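The first chain written gets the first letter, and so on, giving A, B, C and D; residue counts start at 1 in each chain.
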Amino acid sequence: MFFASDNASGVAPEVMAALCAEGGSALPYGGDPVTAEVTALVREIFAAPEAEVALVASGTAANALALATLTPPWGAVFCREGAHVEADECGAAEFFSAGAKLVTLPGEGGKLAPETLEAALARFTPGDLHAVRPAALSLTNVTELGTVYQTSEVAALSAVARTRGLLCHLDGARFANALVATGATPAAMTWRSGIDALSLGGTKNGLLGAEAVVLFDPARAEELRIRRKRSGHLLSKHRYLAAQMRAYLADGLWLRLARQANEAAARLASGLSGLPDVQLQHPVEANLLFVDLPATLCRRARDAGAVFYDYGATGDHMTVRLVCSWNTTDADIAEFLAILR
Amino acid sequence: MFFASDNASGVAPEVMAALCAEGGSALPYGGDPVTAEVTALVREIFAAPEAEVALVASGTAANALALATLTPPWGAVFCREGAHVEADECGAAEFFSAGAKLVTLPGEGGKLAPETLEAALARFTPGDLHAVRPAALSLTNVTELGTVYQTSEVAALSAVARTRGLLCHLDGARFANALVATGATPAAMTWRSGIDALSLGGTKNGLLGAEAVVLFDPARAEELRIRRKRSGHLLSKHRYLAAQMRAYLADGLWLRLARQANEAAARLASGLSGLPDVQLQHPVEANLLFVDLPATLCRRARDAGAVFYDYGATGDHMTVRLVCSWNTTDADIAEFLAILR
Amino acid sequence: MFFASDNASGVAPEVMAALCAEGGSALPYGGDPVTAEVTALVREIFAAPEAEVALVASGTAANALALATLTPPWGAVFCREGAHVEADECGAAEFFSAGAKLVTLPGEGGKLAPETLEAALARFTPGDLHAVRPAALSLTNVTELGTVYQTSEVAALSAVARTRGLLCHLDGARFANALVATGATPAAMTWRSGIDALSLGGTKNGLLGAEAVVLFDPARAEELRIRRKRSGHLLSKHRYLAAQMRAYLADGLWLRLARQANEAAARLASGLSGLPDVQLQHPVEANLLFVDLPATLCRRARDAGAVFYDYGATGDHMTVRLVCSWNTTDADIAEFLAILR
Amino acid sequence: MFFASDNASGVAPEVMAALCAEGGSALPYGGDPVTAEVTALVREIFAAPEAEVALVASGTAANALALATLTPPWGAVFCREGAHVEADECGAAEFFSAGAKLVTLPGEGGKLAPETLEAALARFTPGDLHAVRPAALSLTNVTELGTVYQTSEVAALSAVARTRGLLCHLDGARFANALVATGATPAAMTWRSGIDALSLGGTKNGLLGAEAVVLFDPARAEELRIRRKRSGHLLSKHRYLAAQMRAYLADGLWLRLARQANEAAARLASGLSGLPDVQLQHPVEANLLFVDLPATLCRRARDAGAVFYDYGATGDHMTVRLVCSWNTTDADIAEFLAILR
């Protein structure tokens, strides 16, 4: 009953098999054939024949590299309160960008509204020498609260951003889960909706540790490559990142794993919603649930071995986050529900 | 016949087996039990019960994190010309440290001499407000030219450094090879010889991608942890770094693999030294060879499938680097020598 | 009728005379006798015999140097929404600190309340590796809205900050005006109320361009000196900064000039408050006024030559900021009021 | 007998008069009319109608802003050993550029030779992902050793730089002295010889504290303006920088003052060259002299009140630097020579 995070789950068997198959010797730093295959694969899947694909081993690296490539040191990056890039990466975006400023905006259910962005941008006078310069918008999809932006919502936000010349980043740590939830194509969810750079997550969805920055503007590709190297994120045995990503993207494994996680979450949500005094806090659209429940129930679940994180307390109630993963089993869910009943 | 680099070799079978064995779910970011075991193991092996152990996926990350933890932004870091941290990491040390200055010094056979360091330090007047501040010494062992510092040489250099308050870093991308070459203990080669922080390499010696910063001064441990997180180098599925490092250090696998590489290099050197018009450029003390040979021979080897890098040319002769690895076979060596004969 | 800003006013005659008197040759970079005198003078006035005094030519430099000396790159600096360091310095604090994060908090009338700070700090879990670290509090006195913190208010805020180990900075671009408004001593308004570093303004109060960072913790003095040099803010003909500051602080000139400005503002406020359809937005406690008035009046004043900045508009009303300075005359005020009548 | 540095001299009377004349109120941050005049004046003098002119109060600021505008964080900046930007600015270039690397090259008599630059550039393989990128050349004229580049020499160096895409910076802390020494026009010494950005010094030649970055590529102007603001170098009472620079450039004052300094140095050199056991170390082409003399003479001069800096010692001889300034008098020189005789 491990609901702490999807990065607590292990490596999907298909991915581990791919790692084991990668033997012998090969040129380091991405000079190997698997890396070339992955680039071709990503470009095909995203219908973006010129996209730059930079593999890294952590989501924070992917986000920070993407943002630093999109914004100058004096840029303002707009994101929602509680966005991972702002709240959970120890200032990585500021570090990689040499001091950009993250401007947080409120938003219902984990999502930004176009008007909120518009109002925030209106507070910056174009050409004002005294203020930082609006430079980028960063969205997260699946959001940190488990909700999902439709492609039309992404497009509406990026349209506002573009009126002021901002570039758009999508933190897709759970990108596959968002695709499964919306049925959108990778292209529709990204560049066709105005996204300039995507952090394409893999680690939370069955990889050992592999993410990709997918940069749709080839003019910035060289800068991204340099930034990756300079930050220590160009791995020498790069083919082992590539082997993970190839296994992930080939044959739709990434979507199958994400579907397993989303469906598990839906079953868990459905079970929880039948319980007295237990409340789901946001629509469960992907693989995360935020649940309000009595502290006694919470304790009982933990005593029985369930693992999950707290997200607040009011009176004798707790809010907890439950995350389903590709390896969450029906048995896990049934056991957890049984405890709460 | 892959002599390009030891990071071109694959993953040692024992290490891949350890990765495969790491299933189920576990707390992310190092909250898992394997990580705790690795810390204990490193402390035991280095006889350093308070050392901080920070696993990362690349050698550049290890070096840059270590140096940034040892020097302020206005610090000068002294190293040899051609040191990896200076020449091959795209300014990572400058980036992580927010602008420290790497001061390069000449040195015979890849090694710094204490007098050279002393003279360089003498050019900095203590308290001079206009100059950066001497802050750290960075040595590489095995050196970039394949030679090896004895522990007494490390101690002599760190002693000079300490007279001016510098902290000492050892880039041990090939640390196991240096231990095998010298017979020194890990403690003798590091803190007992005045080293404050070690980049303990694994990737070049059979790991998939795992290195450790071993920091002997616990007062700086929290800063190192923060810097790792902030730079995107704290991997979420951290246990897969830890599983590699545990397999590597437990039962002496690291030394066995390094010995294989060093011995292969010795055999290759011995074979080459018998060839007319072929010259070894530096003493072959570990697993790297620098060889001067006719350009025609060089071409012939490449045509036959040998892979290696050039390091210069004079007239009709080339200098090439040959690197042996844990997976270099006798057959590789015999075939290569046969081509050259 | 120049009410745009107090930095639009010229140089007080006493200060210009001091500059003219500074002839001949003298050691550069603060090695001159006037600089030593200024340090002694500041220490005496602040009853802080060990304080470090670093003169610079701009308020942004003073603020950014002070904050960078108080916080690590991964620190969070708490300040009020609209604080000059956050909104008007183009990210200088982020630049100087190598990426610290400014966290903005709401506050009535330009002032932070202790409970607001307390609540903000409570959102940071001690030791949380994923978040930046609460490191500093930055207050502005006189505030950006022209109100003034009493020493007890500063002390209450710094007390909250200290419970979490934060250091405290005071942006005193209009410090003299705050002293005059409150009657507090320099020591009471700073270190006796928990302030660790003060940006002591001079430029807005009659100097040509001179501010001081006054650092009450001598342990950080060397770092401040290095940061000033490295950022190009250690002027070579430093004695001309020192000559300004000596003229300013000796014989109470700074307080006389500030009193002139505050009294002019009081007279202006009193005149405005008698006008129909004209509203003061905040208590006028120092030399800044925020005035709500009909757009037609606003236009009429500008047509007659008055200079001031807009701060918003609602319907047919404008909000404007009026700043009085040491050189604001009774005639200016009378003329301005006459136009509005 | 103040020969320590030209920044030890005071403010030229014409400049102080200009400051005194600048009264009343005016818009801050360069919104005043004097600033506009200075921009027009510089453009006219340099025959560069689109040049961006950014005034700052220190030479380190000018150099660091110029270099940061010309190079990315991963750029290599080539300069001579002992260049002020490398040796005397406490890493300002690294700080402003977020970590660029200064690569020092040897050079006779304070001057770089084109072949030396060519050889250094040849060590960087284009597109090498592991190394920093050659980005800029920084020359100093008058050099740190008091010699002077002819315009043809500047052009030859910049031509080499351009073959590899480098931009060229000229540290002109003593630019007027170089013009006087060579008879070159401002345009010939800068953009017509391939210079992209000039640090135009004023402080060492009679100003209180004012320098200008003159940027000949208008495409980078906005970045320069932002960098100046963000680093605290946009002074609020900017007109007092502008007033200095206007007085300096109008009517050729800058060249008159520089001629006085150069001529004084020539007279001093001539007097010294007649002395036994006293040796000039480099051609005296501007206002700096490096003199080898017996330590006893050196002591005698200091005992008599002469002020100057040491630059080394061999046996019983010292090397000292003597700097003449616009305010060096014949009496100073005569007295100094008399002591040595």
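Everything that follows uses one rule, which is that a contact is a pair of C-beta atoms (placed from the backbone, for glycine too) under 8 Å apart; a residue touches a chain by one contact, two chains touch by 3 or more.
What you see is a predicted model, and the numbers here were worked out from it, not measured in a lab.
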Fill in: Label of the chain whose CA centroid is most distant from the centroid of subunit C
B
Item to complete: Could you tell me which pair, B-D or C-D, is linked by more C-beta pairs in contact?
Response: C-D
Fill in: Rounded Å distance, subunit C centre to subunit D centre (Cα mean)
34
Discussion item. Centroid of subunit B to centroid of subunit D, CA atoms only: how many Å?
Written reply: 42
Worksheet entry | Residues of subunit B touching at least two other chains | 73-74, 89-91, 95, 98, 129-130, 226, 229-230, 234
Worksheet item: Can you name the residues of subunit B that touch subunit D in the complex?
Response: 73-74, 87-91, 94-95, 97-102, 129-132
Fill in: Residues of subunit D defined as touching subunit C within the complex
2, 4-5, 7-11, 16, 19-20, 22-28, 56-65, 89-92, 95-96, 203-204, 208-209, 226, 229-237, 240, 307, 325, 327
Response to the item:
The residues of subunit C that touch subunit B in their complex are 29, 72-74, 98, 129-130, 133, 223, 225-227, 229-230, 234
